[in-house]
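In order of appearance the chains are A, B and C, and numbering begins at 1 in each one.
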Amino acid sequence: MSRRVTEILAAVSLLGMFLAVWMALQYVPTALAADGEPNPVQRIFYVHVPSALTAFYAVGVLFVGSVGYLLTRRRGFDLAALAATETSLLFCSIVLITGPIWAKPEWGRAWTWEPRLNLTAVLWLLLLGMVLVRRVSAHRDEGARFASVLGILALPVVYLVYTAVERWGGLHPKPTIGRDAPSHDPRITLGFGICTLAFLLFGTLLIVLRARLAALEERIGNLAAGAATGVAP
Amino acid sequence: MIEAAGIEKSFGPVRALRGVALRVAAGEIVALFGPNGAGKSTLARCLAGLSRPDAGEVRIDGERARGAAAARLRSRLGYAGHGALLYDHLSAEENLAFFAALHGVPRPQERARALLEEFGIPGRAGDALRGLSRGTQQRLALARALVHEPAILLLDEPATGLDPAAAGALHDRLNAHRQKGGCALLVSHDLPAALTLADRYIVLTSGRIGDQGPAAGADPAALAARFSGATAGARA
Amino acid sequence: MSMLRAAYLIARKDLRIEVRGGDALALMGALALATVFAFAFTLGERTMNTLAPERLIPPVLWTALAFASLVGFRQGWAHEAEHDALSGLRLAPVDRSAIYLGKLAAALVLVLVLEAILVPVSGVIFGADLIPIAGPLTLVLLLHSYGLCAAGTFLGALVNRLGRGESLAAILLLPVAVPILISAGKCTSAALAGRPLGEVRFWMVLAGCFAAVITALAVVLFEPLLEE
């Protein structure tokens, strides 16, 4: 991605995040808890769900990058996959932290051990494993290959999480926005939409920047190796 | 007949092979020399199909070893490398019989026994690989490479650990192989012995082919001096 | 040579090595036993004696099997690394996926042998009568053991190539084998409670689908895994 486009993306996503923060904290109406009292903690929903969607989106990028790399062996695909792995790990961590914060006042328990929660934690473990695989590999190409292979196995797990609620039930609220559901206050829909968009853009920015960083790291590594052996790379 | 063109191979930042091209025609033995770390073993593994080159292609009997043809063409190759490519817990005979069966050799047990006799390891048929000496293991490794009577041999320092008698027997075997129309690429550090056997020699330094020429009349000492000098020059 | 025949030869070779001088089965058994007793000590005497077998046995059994089988998967690939024997397999004119299938078959045999010992012993020490439910229980064990081995064999190969990745194997196996573990828990529990397997039909089918998908993916992804 060219510098110009990246700069525009950075500006837009940062603006978007500011807007999202304002909307989440100020704009949307305070939700009411079951007993009718205002429940400000519910606002964390506007971080929790967009983070989850961004994490899944990053896993999608990871999958495409992994398949692309295995088929073409082009560096670009691997850089995208590497960046997407770390980005999805970040957003998955946010999901796992914000979820219990929301759950404790809402349902009385921070963690309820239902399938969707467990599978998200398992996804997190898989993503961490993929980061470690790259780190433990003897050299970049090997790490890229092994991580790609794992990446292709990762997506089914994510899919399982997303359909887990429908299939296995549990306390986790079912998605109500965008499906046949009682109509919400339009501010909620707008706030949620903006937050999701902002997170997705920000996530994309992180992937791009991380990929660029990885490319630079590799170039430095090559130059250093060339200098050590006295032969031009 | 085996040939390679434009072979590039890197391991991370290390460029092991840079644009290597060579050809070993039927009925020819080519010796491959070079300093340590030149990429000789990497090249042998690329030719054998064990290492996948980043660029370039390998052709066996004129065909690219890819896709559906790959398995069939692999059966034309015999490779012996730094590892024995054998199993510790199986006996010599079981090891050979297993690989013979895997290569589709009819009556693998018989073939295994015949090879053991040919390579001088008969009394050891029942012993597990672990109990065998280094030299015996090496002879067994060579036997394994030849179990399916391949036309193209890729041997990476095959004489390592062999006593003079066994090394001589290997030379005779390779001569016979050449006479039957087979070809071989021989990676070696023993220049005089290899030059006696080979038709041509190739020198690999820092992943590139440098010197090459007919083996007849080549002076081992001068050759060695040149490619050691070549490495020193590149570092300067 | 057909892929199945090559896989058979490789599986037979693996099992021969194990019989000859391998210690995989012993290590697996020891680890399984250690896991069971780790549960025993941490759950405490009262829980161990009062909790119904269909609640107690599935988690203990399948946790022990999951970790014990990892040892088996790892060992299976260690043999290939010793003298670079894996290259010998890759030089053979057979589909590289045959190597995966052969190793999978051998691993499955080892896991089933382990279960043949572990399950009756569990029945005894947990005070559950397994004879009347032997049929459904065997079916559940077969299906889920296959799924576990399909995933584990593949990951064992990956971890073996990495060298330093011993502990990575456990981290990676869990996410990939999750559907198998969930299903195994539910089906084993149903079988132990004497309920007909038809009740847990959904999970059996899920386990079967997962096993099929993992096998198919592993077969396709195996070649890049073996590359240098």
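We adopt the following convention: a contact is a pair of C-beta atoms (placed from the backbone, for glycine too) under 8 Å apart; a residue touches a chain by one contact, two chains touch by 3 or more.
Keep in mind that what you see is a predicted model, and the values were worked out from it rather than measured.
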Innermost chain by mean C-alpha position: C
Highest-count interface - the chain pair sharing the most C-beta contacts: B-C
Remotest chain, chain A as reference, centres from CA atoms: B
Rounded Å distance, chain A centre to chain C centre (Cα mean): 32
Geometric centre distance via CA averages, chain C-chain B, whole Å: 39
Whole-Å separation of chain centres (CA-atom averages), chain A against chain B: 49
Junction residues of chain B, two or more chains touched: none
Junction residues of chain A - those touching two or more other chains: 138
Chain C residues counted as touching two or more neighbouring chains: 227
Complex contact set, residues of chain B against chain A: 10-15, 54, 206, 234-236
Chain C residues touching chain B - in the complex, by the definition given at the top: 1, 6, 9-10, 13, 16-17, 20-22, 79, 82-85, 87-95, 227-228
Of all residues in chain B, those that touch chain C in their complex: 45, 48-52, 71-72, 74-75, 77, 79, 81-90, 94, 98-99, 101-104, 128-129, 144
Contacting residues of chain C [partner chain A, same complex]: 158, 161-165, 168, 171-172, 174-176, 178-179, 182, 213-214, 217, 221, 224-225, 227
Chain B-facing residues of chain A, complex: 73, 138-141, 218, 221-222, 224-226, 229-231, 233
